[in-house]
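In order of appearance the chains are A, B, C, D and E, and numbering begins at 1 in each one.
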Amino acid sequence: MLSPAEWEVIGLSLRVSLVAMAATLPLAYALAWLLARRRFPGKVLLDALVHLPLVIPPVVTGWLLLLAFGRNGPVGALLDRAFGLSLAFHWTGAALAAGVMALPLMVRAMRLSIEAVDRRLVAAARTLGASRWRAFRTITLPLSLPGILAGLVLGFARSVGEFGATITFAANIPGETRTLPLAIYTLLQTPGGEAAVTRLALIAVLLSLAALMASEWLVRRAAGRQAHVV
Amino acid sequence: MLSPAEWEVIGLSLRVSLVAMAATLPLAYALAWLLARRRFPGKVLLDALVHLPLVIPPVVTGWLLLLAFGRNGPVGALLDRAFGLSLAFHWTGAALAAGVMALPLMVRAMRLSIEAVDRRLVAAARTLGASRWRAFRTITLPLSLPGILAGLVLGFARSVGEFGATITFAANIPGETRTLPLAIYTLLQTPGGEAAVTRLALIAVLLSLAALMASEWLVRRAAGRQAHVV
Amino acid sequence: GPVVLAAASLQGALDEVAAQWAAAGHPQPVLSYAGSHAIARQVEAGAPADIVVLADGAWIDHLRRGGHLGADEPRDLASNTLVVVHPGRRPPADVARDGAAGMSVAGALGQGSVAIGDPQAVPAGRYARAALETLGLWTATAPRAIATDNVRAALALAERGEVDAAIVYASDAAASRKVRAAARVPSGAHPPIRYPAAVLARAGHPDAGPFLDHLVSPAARQVFLRHGFAPLPGED
Amino acid sequence: MSFDLALTYRAGEREREVTIATPARILAVTGPSGAGKTSLLDCLAGLRRPLAGRAAIGSRAIFDAGAGIDLPPEGRRAGYVFQDMRLFPHLTVRRNLAYGVPGGRRAPALPADWPGFGEVARLLDLGPLLDRRPATLSGGEARRVAIGRAILSRPAFLLLDEPLASLDPARAERTMAMIERIVARVTVPAVLVSHEEREVERLAGAVLPLA
Amino acid sequence: MSFDLALTYRAGEREREVTIATPARILAVTGPSGAGKTSLLDCLAGLRRPLAGRAAIGSRAIFDAGAGIDLPPEGRRAGYVFQDMRLFPHLTVRRNLAYGVPGGRRAPALPADWPGFGEVARLLDLGPLLDRRPATLSGGEARRVAIGRAILSRPAFLLLDEPLASLDPARAERTMAMIERIVARVTVPAVLVSHEEREVERLAGAVLPLA
């Protein structure tokens, strides 16, 4: 039903999105926690910075990534010299772009959930001998699970759909950076490509549907876990 | 400092984003409430549908909007005949595109907050004589305010940054549908536009920063309002 | 004024031509720029526009077959040529326009990465691929090709030095000070590059026809040439 | 009959049956922790659906599985003092108290003798708390607000789930007196859950022991 | 001295001062609702910082504004039974109970006579609840879990904020006996907040009245 080229695109999209999620998750949660629980100078600025990829057009974000991570960019040059690692025009770069674009969505969802965690429970954990870190790990973290899952679903969907930043930063290289949206875009540019476009778009939708159902299942599994103090 | 054309672009972007938010807010909240509080057949499907604009590339979303709301599309033809209303190629169409793209973000944030509202409080309101509707209006709605604000900020930022669906559905018409990202795109196509691009991108960032600060202020104003049961 | 849906790659020149027309006392035309494919779909969906200007022959044919164009044949505004550019300052002699590149295409492509418009989709990429195939260079180049979503993006990569070379329109190279044209691609190696324009079947604006006439007038032609576009085949 | 109950309901894993008909104005429900006292009150308030049976309070049927009667909570007008209080966290104490105060066209006629806002606030010492939010209240303060909120809703009957828990003796005494007065003069039946024998003896006209 | 307290702390708008030094193992804190009892316990647990003064319990200084001593909550090892219980909603009763059980290398040496998990669960009748989540517990059941959780953390001292509220008389009796035993045999000082004169008389060796 699907051509080998299409399978390749799907596999690549999955790899890019999953790697993006895995890499972004800890950073997103850390940012969400900072924004939810700490006061510090420049907090609004950090908040704005996190929202940035949402506001500026994806193509510009891709361009900024290129300026920073391209082989002539400060970070890119460093990575290249230190590890022989190059992101631009590689699938890892597509994952970076997807992660950056997904970050604001993930942070917001997680932050909402962290803010909803009753601090009195954290205090109770401390009196029971838990260090700050253990109290975080055993109370705040699991109680903010709904936000983590919501953030992952949003972020995954956004990753699967990411186009502008990817094509600008990682280009549209078959087998390397041509993810589903890029493949769709390529087809859109040729007259009569509509049928193939529809098929690929449907696949993208199915991928996220699967992610959605997985998250619903996880939420239901954690169901008994009422989020309220008794 | 800014040219009249730039002011026009900013004014248009603001109008498009604000109208998009105002129109989408009730729908987003209703969807969030349905997904948070009700069980019904096809719930996962509705959830997936809401996520759709996140997953499929914006350009495809724009194309689908064109198919539905264009003058030759089923909805577009209807609106045209019934109200003489046409969305495609008008700023209202840009607002529609922005709203559609922002919807998933708004729904998720609001849903998280609604889910965090303690149903025992709703039950208490009912025993005090409140109808379902009054209990919703006076308990669930205000207690989910953090999610509403988070959803609005996310949605506004997304609206301000929306490009692909807008240029496809509403075209790039100066003074009508050329919002900030489209103006940036247009400048990117002309050599030497970098300075102007940077300036416009900065303005977009400032707009969302303002929205962010407004929402933080509202949250703080509602601060005393601890979200927990005593 | 009349509403013109135009390919984004024509922007600089078209703005100037429209200003020229307005300076002559006509109402200012409204120019909406986007990719050729987006414009074609907007026309199919009933866009309230008067004129289309595309960067691609395939989409104009598609529109004509769909009955969206007026009775008159589409007219080409200008042509273009492809050049291979390298990162670096442009020397005083305008090689892009003169074509005095001195290097062979193969030599200019070198062994490094080459940015081109997506050869499956973007018109400039399709022309580039056709030319390289004619020259027998495609199989060697394809593995190191960096496909972008439009020509400007390919040019930008060369300007930044993110790639070692790029194949772009001469009009793009002419506008950039940060790339050197290293070789000109012989225009016989690819199908003629066209920028077809037509009045739409549903056009309502009385200026639609006259403005299209202006677009193909010698005065407008001068503007296109100044922006690095090429004369139409068999014209110069 | 103030109370005419014949209900089967679920309390956790077990099914419970209660049958009692009594003219007593105050019915005490006693029993060990986990016996199903709160579950019974939830059934009477309309927050939990009994498995079978019927319930009438003050000769008004609020539930009857056979006759298909099942008034919604807002139609039952229970003045429910919850064991876990459930103050509205986003409202000031004043607005918590006012939440159930009937108003508007369809408000029930008020018994002349019903204590008003000022009187309830005074009896429960709520004056200094009126502009505070529940999160800042002490345990006993929150309990008093919960009691005041239920009384001010001018209920058709009261459901009191350990209303005097965490009240100091003086305040407990005054609160008991107030409840006694309301029940006696305004003839509002009340169900009282309590572990305090003295409380039960003093207030209740009938006892429903759950084992 | 079991308790040597000289603290100034804020309770709402007011500042309170308490000064007491007593060898009594159980110190009762009494006073009307809103007097600042819970606030004092929070100060002792390390959850609220006193304005000034010092506090030593069981001859260990846990706070001394002058000497710059302010142990963090986890360093004080208070076995705190909160007035509002604060069970962890995502953990089963079993894991709530086990949360504070010392383990690992740095665990304090255990008094031989300290009741273990099984004994505490038995004394508090928690057996059938172990695999449930807090949201499904009745008021008294939750209170018992809160007591068990505090005791099983093998605290250096106990802070009991109305621990017997909403317990039936039989269970209250057993719980009191358990607390008495722990305090007496294992010499763990305890602060008890209670409105029940009988409770205070029976258990407390000293009383700190807050007005």
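Everything that follows uses one rule, which is that contacts are C-beta pairs under 8 Å (C-beta built on N, C-alpha and C of every residue); 3 or more make two chains touch, one makes a residue touch a chain.
Being a predicted model, the structure only gives us computed values, none of them experimental.
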| item | value |
| --- | --- |
| Set of chains adjacent to chain A and to chain D | B, E |
| Remotest chain, chain D as reference, centres from CA atoms | C |
| Chain separated most widely from chain B, comparing mean CA positions | E |
| Pair of chains ranked first by number of touching C-beta pairs | A-B |
| Averaged-CA centre spacing for the pair chain C and chain B, given as whole angstrom | 36 |
| Gap in Å, rounded to a whole number, between the CA centres of chain E and chain A | 44 |
| Distance between chain centroids, defined by C-alpha means - chain D, chain E (Å) | 31 |
| Distance from chain B to chain A - Cα centre to Cα centre, in angstrom | 20 |
| Numbers and ranges of chain D residues touching at least 2 other chains | 84, 136 |
| Junction residues of chain B, two or more chains touched | 59, 63, 120, 185, 188, 227-230 |
| Chains that touch, pairwise | A-B, A-C, A-E, B-C, B-D, D-E |
| Chain B residues within the chain A interface of the complex | 44, 47-48, 51-52, 54-60, 63, 104-105, 108-109, 111-113, 115-116, 118, 120, 146-147, 150, 153-154, 157-158, 160-161, 163-164, 180-181, 184-185, 188, 197, 201, 204-205, 207-209, 212-213, 216, 227-229 |
| In the complex, chain C residues that touch chain B | 3, 5, 8-9, 11-12, 30-34, 38, 41-42, 44-49, 150, 152, 172, 175-176 |
| For the chain D and chain E complex, residues of the former touching the latter | 12, 31-34, 37-38, 83-84, 136, 138-141, 143-144, 161-162, 165-172, 195, 197 |
| Contacting residues of chain B [partner chain D, same complex] | 120-121, 123-131, 138-139, 142-143, 222, 224-230 |
| List of chain E residues in touch with chain A within their complex | 45-47, 72-74, 76-80, 82, 84-90, 99-100, 102, 133-137, 142, 149-150, 153 |
